[in-house]
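Presented sequentially are two complexes of chain A, the first with chain B as partner and the second with chain C.
Showing the complex of A and B:
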C-alpha cells in the first residue's frame, strides 16, 4: 500500500475509484484501479470490480525469441494465472481472447521484432472475471507506455430467467443467470472488439446488452 | 505471374479479388464451401460422423460407457471430453501443428466445443441416467481434424452434432438379484438430441469487409474472426469473437441473418443424411 501511495506522490500515477451503490439494473459495483504498484515490470495495474481483483504486469517492448518473432510487428503474449491450481484449457482460451483484443489496439508496427508480454494474476474472483482481466490488461499497457490506438474496456452482463439485465454480475448472480455475456469495447467508437458468451439468449437480448455496455464504456475510458 | 504476385504480396492479391466482390476460389463473399457429411462410418464407435467443408475435414467419434453419476447430481449422466483436448489437431492436418502436447489452437477449439455443448443444452443430462445414484452413461466425444483448411469451428460443431444424432445407446436393465447391469445390444435407441446448434464463422478484412467460411489462407490474412452459434429458434448459444477489428451493431445484424440462413442449409443436409441412414 505504501509503495502505491509513494508512487502516487512522485509519478502522479493514477488511483481512481468510483463509488457506486449497487442499484438493480444498470449500474456497476464499486470499481477501482491502481497503477504502478510493481517495481520489476515496465507497467503494472491492479483492477478491482466489487470483490473481484486482478493484478496485471506488462513487460515490453523487449527481446523476442527468434522462433516467435514477427518481422513487421510486435509479438504479444498473454499469461493468465488462476488463483488456485495450474492453468488449464479454460485459461488458454481466455488468454487467446485477451491477446487478440490487445493485438487489435496495440500499435505493434511501431516495435517490430519485439515482444510485449502481459501477465495477469487472479487475486480474487467474485464474478465478472474476464471483464476485470481485460480492464487490468488495458490499464497495465497504458502504465507501461505501450503505444495503442485506443483503450478498451471489458463489460460483463448477466441475463436472468426473467430477461432482466444485470451489469457486472457477482458469482451468485452468474450461477443463477440464464446467460452471461462479456464484451470488450474500444474507447473511440465503442465498437465491439471481443465477445464471449455463455448460455442461451436471443438476438434482441444481445442488442440490449451491447447497448447497455456501450453506454457504460465512456465511464471506463475516463479512468484511463 | 499471378502466383509470384500472390507469394510476394498476399494481401494485395486478395484485395484485388475482394474489390470485385469475389474470392480466389470463385466463391462470393457470403457463400459457403461445399459441405459433405457422412455418418456411421466408424463401426466400433457408438456414433460417428465425418464432415468436409471444402478441404477442411473433421471426424467425430462418440463412445458410450458406464459410470457412477456425479454425487451432487445423482439423476444425471455425463458428457465428457476424453482428457481434454477432445479436439485433436495432429500434424497430419497442417504443417503448423507439431507432435506433443496439444497446442493453443487445439485447446481453444476444445474449450469452444465444450461451451457450445453446455450452452445449447443439446442433450439433457437426465436422459443419460440409467439408475439414479448408481449408473449413468458417459459419452466420450473425440474430434480429430484430418485436413486443416480454415473454419475448424464450424466443421467441428457440425461433426459433433451429426455424430450425436447417430449415437445409438443399447437398453440397460439392472438385475435386481445380482445388482449388475445387463446390456441388451439388440435393442438400441437413438439419443434425444434436443436442439441443433449450427456454427457460422466470418473473417473480417481490413476492418470493414466480412466474408463467410474463411479458408486457411484467408484466416491468416484476416484482421479478425467471428463465430455465431445459433439453434433453430434463432437463439444464440455463442457469440465468439476473439478480439480483432471492431464491429458495429449493424454489421453484427448482417452476420445474424447469414447465420440464420446457414442454419437452414445445415438442417436440411442433416435431415437428408439421417433419412438415408434410417432407410437402410
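Showing the complex of A and C:
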C-alpha cells in the first residue's frame, strides 16, 4: 500500500510542550519507515527509531503445513532473528508477544488454512527494540496487503528513578531506568493490544505511561 | 514453503535468450549489477545490495582463551544465515545443502587466504585472544548470494573497530570506546568472490547470475581473488567440464571485476569515515531516500505530556479497586490446603448454568483453627440452579476422610464467584489436592 505521506504529520500536540511537574516535555527520537524494499517477500518494511532499526518481511497468505493448519483461520507465525548469535529465549518471548498482537488485528478468518509468516531481522539495536519490531511488523503486513481490522503501533517508555517518563528510550536510558514499559496500541481507538513491562512502577505511573503512549499513537497511525 | 517450480517455457526462454547473448535485465555477459554499500551506526555493521540481493553483515569481538594448538593466534568465526525472508523456500532445516556450501566457500575465501592477521589479535599468549565473529544474514535472494556475502563480510571486517587493549607486564587493561578510540583490525588484502554461471555444457558464460539464471544454469565457477590478482579460492560445482583456457579467461575477467569492486569498497569506507569524523549524520537512516512514496522520515519531535498526569488520575479514580488477588489458603484438614480457585474448566459447558458476575472476590479469606474445619460456606452460593451432574467420573462427591468426623459433601467457599457445574468443580479440586500432596 503506497500512500503519499505528508512530512508535517503531528504527534499529539506537536507544539512546544509544557513540562508537567513530574514528566518534562519529552521528545521522541527521529523515526523513518520504508516499505516494499525487498523483492521476494510479499510485503516488507524497514522501521527505524533513532538508531534502532528492524527489517520485516511478510509472506502470506501462503501454503501451510498440514500439521500447523487451522481449519477456520490463518496460521500466523512470527520469526525474530537477532543480529549476532543464535536466537534464544528472549527472541522466543518477543516472537510470542508480537504474534499475539498480530493475531488480534489480522482478519485470519478471511484466509482459512493458510499461513501468514512475519520474519523480523534486527538490523541495529539501540533501545526500544520491541516497539520497533511491532511497528515494522505492522508496516510489513500493510505492505503485503494482509487484511487487518486496525493498524497497531508499538510505543516504549522508561521510568527512571526520579519518576521521569522517557519515550523511546535508548540503550543507556533503558539500563538506568527503574521500569521499562512497552505497549501495542491499535490505531482506531488507541486501545491497548499488548503490554510488556519490566521493573517496578505504581499503577498511577502505569496509567500515565499508557496515556502518553496513547497521545503518540495517532501520529504513528498516519504512517500507514 | 516449497520452491515454486520453474516452468519449461520459462527455462527454454531463458536459455534461448542466453544463446543469443541477451539477458533479461539488459546486462552484457560480463556486467555486474549495481552494488550499493551502506553502513550502520555501530562499527562493523553494513548492508550490501547486489542488484536486489541484500546481505546484512555484522562483526563482533570477544576475549576468549585461544585454541590449544594455536596459542598465539586469534579466532575467526564466520556464519552466513539464509533468513526466511530471503526466499519462501528457505525454511529452517530445508536449506542445509546450500547453506553448507555457502558457508564453506566463505570460510575458505576468508580464513584460508589469511586476509586477517590473526597474530595481531593475541592479547596474552596462551590465555586471552580476540575472537572475531562475522554474522551475515541474507535478506533477499535474487541470485549470486556468495558474491554479495563475501563483499559484505570483507566490508564489515574493514569497517569494524575493536576495543583497545594495553599490556604492561602482567596487567592487561581493556579500554572502553569512551576511554580510548577503538582500533581497526589488521587486514592484509580483500578477497572477493566472483561467480560465473555456465550454460549448455560450458558453451555460454554469464557473470553475476541472477536468480532466474541460476535456476537454469548447468554449473557455477567461483573464483575468489584480491586486487593484487592473487587467487584465494577457486571452486567449480555442478559437474560441468571446463577447458583450461576457459578457466584462465574467467580468472582474467575476475581480476578486472575485483579491481572495480575493491575501488567501490574503498570509496564507501572512506566516505563513511569522513562523515563520522566531520560529525555528520551516518547510519541506515541516511540511506533511506527522501522524497519517495514508499519512504517516510520524521525528525525529532516533542510530545506534549503535560496532561497525562491528570488523565491518569482520572482513570485511576474511576476504575474499580483491584480485586483481592492474593487469596489466603483454606485449610481443609491438617496436611490438605487449598489456595485460590483454579482456572475455569475448559472441557466445555454441556449445559450452561447461570453465571453470576464476578465482583472480584475469589476466595474469602478464611482463617481456620488447626483442628476445626469450617464448613459454613456451603450456603453462601447465591443463584444456584439445580445441581447439574455432568461428569462421567465415578467419584462425584468430594469426600474428605477425617479421623473423627463424618464425611461431608464440601464445596469451596466462594462469594459471588462464577458459577460452575458443581460436580465439575469438585472433580477439578480433587485433582489439585492430589498434586498439592
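As a convention for this text, the second predicted complex is superposed on the first by the 199 of 224 C-alpha atoms of A that agree within 3 Å, B and C clash if a C-alpha of one lies under 4 Å from a C-alpha of the other, contacts with A are read in each partner's own complex, and residues count from 1 in each chain.
Heads up, the rule we're going with is that a contact is a pair of C-beta atoms (placed from the backbone, for glycine too) under 8 Å apart; a residue touches a chain by one contact, two chains touch by 3 or more.
Owing to the predicted nature of the structure, the values given are computational and were not obtained by experimental measurement.
When the shared chain is aligned, chain B and chain C each come close enough to touch A:203. In the overlay built on the shared chain, the residue A:123 is in contact with chain C alone; chain B does not reach it. In the superposed model, A:181 makes contact with chain B only, not with chain C. Considering which of chain B and chain C touches more of chain A, the answer is C.
Of the two partner chains placed by the overlay, only chain C lies in contact with A:79; chain B stays clear of it.
Judged by the touch definition given at the top, the superposed model places A:97 against chain B, while chain C stays out of reach. Judged by the touch definition given at the top, the superposed model places A:195 against chain B, while chain C stays out of reach. When the shared chain is aligned, chain B comes close enough to touch A:89, but chain C does not.
When the two structures are aligned on the shared chain, A:146 is found in touch with neither chain B nor chain C.
Using the contact criterion defined above for the overlaid structures, shared-chain residue A:32 touches chain C, although it does not reach chain B. For the contact definition in use here, the residues of chain A common to its chain B contact set and its chain C contact set are 203, 207, 210-211.
Partner chain A is touched in their complex by these residues of chain C: 1-2, 40-42, 45, 47, 52, 54, 56, 58, 60, 81, 83-88, 133, 135, 137, 139-142, 283-285, 288-289, 292-309, 311-313, 315-316, 322.
For chain A in complex with chain C, the residues that touch the partner chain are 2-5, 7, 9, 11-41, 44, 46, 48, 51, 53, 55-57, 59, 62-63, 79, 81, 83-85, 117, 119, 121, 123-124, 126, 165, 167, 203-205, 207-208, 210-212, 215-216, 219, 223.
Touching chain B in their complex are the following residues of chain A: 88-90, 92-93, 95-104, 181, 184-186, 189, 191-203, 206-207, 210-211. On chain B, the positions that touch chain A within their shared complex are 84-85, 104, 107-108, 110-112, 115, 118-121, 223-224, 231, 234-249, 252, 256.
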